[in-house]
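What follows is chain A paired twice: with chain B in the first complex and chain C in the second.
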Partner chain A sequence: MQVSVSEENAEQEPVAYQVSAFLERRREQIAQRWADAALFRTVFTVSRDEAVEAGRAVTAALAAVAASGRVDDIRASGFEAVRDQLGRMAASRARTGIDPDGVADEVAALREPVTELLRAEFGEPYAPEAQEAVVALTVLMGTLRLVVMETTVSAGEELIARQREQLHEVATPVIKLWESTVAVPLIGTLDSARSQVVMESLLDAIVAERARYAILDITGVPTVDSLVAQHLMKTVAAARLMGAECIVSGIRPAIAQTIVHLGIDLGTVLTRSSLEDALAYALSEQGVEIAPLRAAGAAADAGTR
Partner chain B sequence: MTGFAGHGPAGGHGFTVPVLQLGDVLLVTLQGELHDGMAEQLQQDITARISDSRVSGVVIDISGVEIVDSFLGRVLAEIAAGAKLLAARTVLAGMRPAVAITLVELGLTLPGMRTALDVERAMEMLGVTTRRGEGSP
Partner chain C sequence: MQASRHAGPASLPIGSDADLAWVRQQVRQAAAELGFGLVQQTKLVTAASELARNTLVHGGGGHVELTPLDAGSSQGLRLAFVDSGPGIRDLDQALTDGYTSGGGLGLGLSGAKRLVQEFEVDSTPGEGTTVTVTAWATVVPPARTVPR
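Moving on, here comes the complex of A and B:
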């Protein structure tokens, strides 16, 4: 066993070392050729020197990875030095509107110039040892491509997580409509995380505004399924426990139909078709009456005449 | 501790929940945790007070309660049911937002129980008007 392992190492290591040594030796040349490749050229539009510098850094990282013998390991420590830079490059390409497939193709295009240089190193370009070195280099370039894709994906995930958080903060304003009356206009799909935020901010607003009536307006909620209905009912129940009456408004005809078809019982929840109706209800319950000024004036005029 | 509160009919020992009478309304202020013995004592106290004096309403102030469980939920419902049998209305006042969320998550929405934002509002619901700035020094 041990013999075969050491034999395997003995076979592999020289090739990887060979590739590493080649990358070190030809670093400048590779960097110059890469600077003309689509990926570097489009990222570093300001100066070519910058592109060459980036190419040198990537080549050095590849050489370090090859030297460690882990050409197919995307977690090889050699990549750490350029991971950030690769991420920035991929992000910069993504900003120009190119899709991840395009970036992957551009990274793949970096292989060709290096392979050419490597073949030129050997007197016989298609000799077995040359082929072996080219295979090792191809594996290494494939790994580089994976590293770029991985950084792109993780950067995307971070962005999504950050935006989701921002959405939670932004999308749940509680508005004071009248004395003791607050409203939450719900926009977008109501999932459990969002409904939790809505519930908390609504209850806090009820305390802060000393509200007697809380209006949940679902005009902006695209669909209502049993889960959304459950979230709504929970919010209504929590508001009621705080001593505020909850009114659900903005139920569009299609949503009313869906609720009926799904057999969801909103019998315990006070509903109104529009925010206007909900506000009118809350005001009339508080004994506030709103009448147009002109009509009142006209009536008064009529009385004096 | 649970046995302690249930020792005598008077409860006593500093573990009973204060029950104050304001006009024809009983004001019960719950604070901190409520143990089994205390809950039983409190229910007896309230029903006795309702039947002895002419009480038409009970206000349970839970603004000092930070943690609730299903036990407290059940006790509150039982107090309300008992008071209703004696023709007194019960209003739950001053629930904290966190407590409301916990109760709802537990599925304890206390149906049929009247609620108010604070004691002042609860008194208002029971027809006792408290006027601010008048009469107070």
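Moving on, here comes the complex of A and C:
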């Protein structure tokens, strides 16, 4: 989109081109001034040359955007060259604990030095054509600010999405309790995405550990509604198809009452109130018994008395 | 968080799975503050989870209003789930155990009704649905700490 001022003096050079030419011409001076601005100074702490280099790149990008006439378009292709760099700078500021408002202010502070240089280009710093150029530059710098904020926000969204993925994996460890017995302690909300991960890792573990008994412990699941119950039943059914018997343990009294009122029929699912009971069941089914080491001796003593 | 701290209605959006978790958390907190026992809390939170999911899946999203009630000797919590979705055409059928239009167990609406003391559905086909439930903190079971 063209800036409106450029339409009025169509016979002259559009003001956006003037700004572009100015940015190209004064790139070095702008970069030098920006190197001392808060944003560049705090991001490039080691070397001033690096800051100047970054400033040159940003100025060149702004010149390209102005040359395309799209000073108010955050999608202007000119920004692509510096989008990554701006993102890294904003992220680096965010790591030091500054909030997005602060970053926005620091980007806004970049405008002043450039405006000064631009006014100096004109014989009369407040002449109408100088004002027009300053307006175009202001719009362009505003767009730069938006680009930085947008980069920050999308970086934040990516981070959240990545952490959500990590949470899925972290929260579903499959533990081998005994030979051919595995357990999954479920913690938190069991939504569709997580229950899918649970099912997959459980079925994998059943194969890897040659498990015949799989315990799903729901002690850490705060709410068992019909969807959670359905996910549990599906997991149990899938485990059964793999030849493993599933035991759902950790059903607290309040959860048990809620399941009954809700009308969910867990009759086909083997359940135990605690993980301990579930393990004891799995062991006894395999003919394993855990007894104190001295039990045999003590029994013999008792017999002789 | 502040919304449920003081007696007064609060409204929570329902637009995603993450919102469902938030609704559950807020209802649990509000119920605990009103002196609901652990069983009542669990029941109400489960009902809220079912109804909020209905709002999301069938109503295409909406919001829930939490209103603490004070009837002298007993404290209550009213939840109104509001959506502007397609509405429920046959309410009797929707309240039948095992009937589902969404591939679930078909226990959401009917199950939620059994988990609360008062239950009301107001639905106009094409305009939306409002499900209002109320639960009271009965005095019998003493309030215990909520395991997180």
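Note that in this section the second predicted complex is superposed on the first by the 236 of 305 C-alpha atoms of A that agree within 3 Å, B and C clash if a C-alpha of one lies under 4 Å from a C-alpha of the other, contacts with A are read in each partner's own complex, and residues count from 1 in each chain.
Please note the rule applied: contacts are C-beta pairs under 8 Å (C-beta built on N, C-alpha and C of every residue); 3 or more make two chains touch, one makes a residue touch a chain.
Treat the numbers as computed from the prediction; the structure is a model and nothing was measured.
Contacts of A:266 after superposition: neither chain B nor chain C is touched. Residue contacts after overlaying the shared chain place A:243 against chain B, while chain C stays out of touching range. Applying the stated contact rule after C-alpha superposition, one finds that A:227 touches chain C and leaves chain B untouched.
In the superposed model, A:254 lies in contact with chain C only, and not with chain B.
Applying the stated contact rule after C-alpha superposition, one finds that A:280 touches neither chain B nor chain C. By the document's definition of touching, of the two partners only chain B reaches A:210; chain C does not. Contacts of A:200 after superposition on the shared chain: chain B is touched, whereas chain C is not. Considering their complex, residues 196, 199-200, 203-204, 206-207, 210-212, 234, 237-244, 268 of chain A touch chain B.
Listing the residues of chain A that touch chain C in their complex gives 189, 191-193, 222-227, 229-230, 252-255, 257-258, 261-264. Residues 17, 20-21, 24, 28, 38-39, 41-43, 45-46, 49-50, 53, 97, 104-105, 107-108, 110-112, 114-115, 147-148 of chain C are the ones touching chain A in the complex. Considering their complex, residues 92-93, 95, 97, 99-101, 103-105, 109-111, 115-118, 121-122 of chain B touch chain A.
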